Amino acid sequence: MSAPGRVWRNLPAKAKAKVGAVLFGLFLLAAVIGPQVMPYDPSYANPDPSLLMARPSAQHLLGTTQTGQDVLSQLLVGIRLTIELALLVGVIATAAAVLVGVTSAFLGGFWDEFLSLVSNVFLVIPALPLLILLLGYLPQRGQLPTIIVLSVLGWPWGARVVRAQTLMIRNRDFIAAARESGERGWRIIAFDIIPNEVSLIAASFVNTVLYAIGASVALAFVGLTDLNSWSLGTILYWAQGQQALQLGAWWWFVPPGVAVALIGTSLVLLNTGIDELGSPRLRATRGAARIAGRRVWPTDPTPVLAQLTASRGRLGGFLHSFSRGSLLDETTPAGGELR
Amino acid sequence: MSPVLDISGLSVAYRAPGGDVRAVKHVSLTLNAGEVVGLCGESGSGKSTLAYGATRLLRPPAVVTGGSVRYGGRRVTAGGDPVDLLTMSHRELHQMRWREISIVFQSAMNALNPVLRVQDQLLDAIRAHLPLSRGQAREKAATLLDLVGIPRGRLRSYPHELSGGMRQRVMIAMALAADPEVVIMDEPTTALDVVVQRDILAQIVELKETLGFAVLFITHDLSLLLELADRIAVMYAGRLLETGSAQAIMREPAHPYTRGLLNSFPSLSGPRRELAGIPGSPPDLRDPGPGCPFIPRCGHAVAACGELDMSLAPVTSGLPPGPVSHLTACPIVATQVSQEGVLS
Amino acid sequence: MPFILRRLAFYAVAAWVAITANFFIPRAMPGNPVQSIVAKYPTLTPDAIKALELMLGGGQQGSLWSQYVTYLGHVFTFNFGTDVAQFPTPVSSLLGQTIPWTLVLVGVSTVIAFLLGTGLGILAGWRHGGWLDRSLPGLMFLQAVPYFFLALVLVDVVGIELHWLPTGTGYDGRTTTPGWNLPFIGSALQHAVLPAFTIVITSIAGWMLQMRNVMITTIGEDYVVAAQAKGLPARRVIYTYAARNALLPQLQGFGLAIGFVVSGALVMEIVFAYPGIGLLLLNAVSSDDFPLMQAIFLVITFTVLLANLIVDMVIVFFDPRVRAREVHR
């Protein structure tokens, strides 16, 4: 069994979420203080010919670009810009999604059908081509239009999920009780419904941020965002355009890509943790595969303790007796018989 | 005559990081050929765990921690000793499934594969165990539906196209597909309305008479068992509290819990009396406390109850002892019964 | 049948929304799009300019409503106008040259990735906790990598460092000519390997993860326990009882993800300079070629809608319950 695999499998939900949170936290830290501590101005093009497309060295930890710019500085600014944008889009789109989802489920009837139709239409129309189209017409392409455009296309997914959950909760008894006792609609929404959906909303937020990162990096790579700012996708755009590939300048295009991948992975981990916290069944089936030190597949017949220990052998049995599981090993049964 | 299914001292637990849950504790139960044994208890009493644990159908984190489950069907033992399901190899167990012991699950809607037609599901069960050709198997499937009173045209239906009662009958037909000796019925009628319930129960009795299988009938409804079962076992918090013939249980219940259950449903005849439930709720199985698990809800509990080892002892009463022994885990009520005489 | 009809109606509405968006967006954007085109391409004829104004707005070509109706008419007759960057080539011929490339590449790769991923997911779900399961963290990381980045890495490693496979365009233009001849097909296949591989690698993890999760939930269902209780052979239980049912949510997920897959593949075409519709779109954007942009957007959208409809039909084929009753998706 591979070590990372074994560690992974035995990680309870909380640990996965923690790893994700820590990793993302690191990037968040980089986003906040990065530009303060970066060694150079990312746009500064050092004219020294020996420093053009130079490999990583003590002066330039991640090397330089075709025009002598420091990659590390660009990376730090890029992390900030990308995360900033993604978080903003996440907040706006999730807020919109919760608003639409809850309202739709709560009001029911025509409004529900209409809003659902709108969400579904937005979901089925492919997002990136539409984003490209929208940005393509704009003469000025900066941070703001990108944020707006991403938010407009980013809410339907969350709205669908929130609506489904709200429908389920709406039919529960305690909501009916609240209505009977005359509580106003918005109060019910704010104090009864939303608190029950917090983990769902959190998961939806993380997903939206993921989508925003992916979409903004793709758009930047294609050159549709502000080419003068250094978001991670823009760095890749320039790297691609300046033939970094063909010239073997891996230090230019690998760090931004790996950064995007790591940020994405940390978010997915966070989400897996949140998912498992909210879904006990996924959690319960996780640790279920080891009993008395032996692997048991979910589809095997129920194991019998005596059989498991018998086939372990004497050394194994001795070692096993120290584990907590050995407490369950029964000795003499007592009790009457039904004859 | 040896019993067809002999569960002895069975214990089943669920492993959990927060503490192991002992769902079944040292339960012994026997089933003789052709008889109906009712297993009664509320949710969480361990009755289903007992049945699925005995047949080793529980998923992880369940473990069987002790006891034996001996099966004595003629086909398998060929006149020799019974085989223990707990020590068998996986392959032998696999071959025994359905052919010797089959199960009617609680919710037919959930227990039938939604994307397969009824015929295909019946054929699956038939061809897995009987060496029949396709044509013969199809005829057998049709015959099974006849047995339970469903029109043959329904063979081509999907489960969602059948009514609740029909689905349950399909489940019963499927359970009889390989001609088993033992049929375990896990609350087969709980999800149905009362009228359909009666029909299905009548059907079960008729089939049992005709085909001669034994039935382990699991339910929370004691009133059902009083009419249907030959013998009844009462379970609570993983332990057997009382066992005996249906008449004995009905006329002289020898455990406060059984009495509570009997008082919980009205009878159609007889004087009107106040319905009483049983106050309180079942214990946490991770940490039930010493002695009898019923102490917190029992009106007759004394200090000694906390030291009981929950073994079953015969009930001495005014009635002449019958062929079936009447056992109880409660020493107090047993003596009370022998003093008070028979309940009316 | 009613289910498919309702889905068809839904896709018709979505298509209409896309067309209408296409009509209004250039008119809603700041600036006059036609003017910027004319400024960039002074060789356009007055007729062409008039057609552009009809399409993009900004001129005196009649009321908004009449423009809209004309536009709708054009779309339904597949009249996408004349290209501006390569005037006077009609847009449809440009589309015709590039669509087959993308369709084959993306279509085949996506289907392969889906089938492989789903198959692996079935095994991973059945053997929950086995070695396939343990490869999940690596796969999750792979999934977080942007398509095009992986493409960059692959091009660098496999194409440039190792010289195993060609790294650009769809076929070797110097030694082969397009057509149904073997050298061309061989060259085209060779050039398609890296892009296809990238698509498969980056999307397979998603399919596998999803199928695995659905399988785990499905295995917990009563009918799978019942199937085991019946002593059915393991193969039958895995495939006909568990996987058959797990396939339904998986297919629905596939339908929803088609849009994402197509989007990713488009961007990836730049890295490989693959002569598909993605490259065409991006070139159109950088040269302000609005008619082409619009047409490509519509074509992509219609294709995705069609693919969704096909997936719906597959679902109907596999799920008898859907055939019987009304389903809200």
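Observations on the structure shown:
The chains carry the letters A, B and C, assigned in the order they are written, with residues numbered from 1 in each.
One rule holds in what follows: a contact is a pair of C-beta atoms (placed from the backbone, for glycine too) under 8 Å apart; a residue touches a chain by one contact, two chains touch by 3 or more.
Given the structure is predicted, the values throughout are model-derived calculations rather than measurements.
With centres defined by CA atoms alone, the chain at the far end from chain B is C.
Of all the chains shown, the one with its CA centroid nearest the global CA centroid is A.
The leading chain pair by number of C-beta pairs in contact is A-C. Averaging C-alpha coordinates per chain places the centre of chain A 47 Å away from that of chain B.
Computed from the mean C-alpha positions, the centre of chain B lies at a distance of 55 Å from the centre of chain C.
Note: centroid distance chain A to chain C, computed from Cα atoms, is 23 Å.
Each of residues 220, 228 in chain C touches at least two other chains. Looking at chain A, residues 285, 289, 298-299 sit in touch with two or more other chains. Residues of chain B in contact with at least two other chains: 57, 59. Contact residues on chain B toward chain A in their complex (touch as defined above): 8-9, 11-13, 15, 17, 20, 26-30, 52-53, 56-67, 86-87, 90, 93, 231, 233, 240, 243, 309-313, 325, 327, 329. Residues 1-2, 4-6, 8-9, 117, 120-121, 123-130, 132-139, 214, 217-218, 221-224, 236, 240, 245-246, 248, 250, 253-254, 257, 260-265, 267-269, 281-282, 285, 289, 295, 297-299 of chain A are the ones touching chain C in the complex. The touching residues of chain C, when paired with chain B in their complex, are 220-223, 225-233, 236, 240-241, 244-245, 318-321, 324. Looking at the complex, you find that chain C touches chain A at residues 10-11, 13-14, 17-18, 21-22, 25-26, 29-31, 33, 36, 126-131, 133-138, 140-141, 143-146, 148-149, 152-153, 155-156, 160-161, 213, 216-217, 219-220, 228, 234, 237, 256, 258-260, 262-264, 266-267, 270-271, 281-282, 284-286, 290, 293-294, 296-297, 300-301, 304-305, 308, 329. Residues 55, 57, 59, 94-99, 102-103, 105, 107, 110-116, 124-125, 128-129, 158, 160-161, 174 of chain B touch chain C in their complex.
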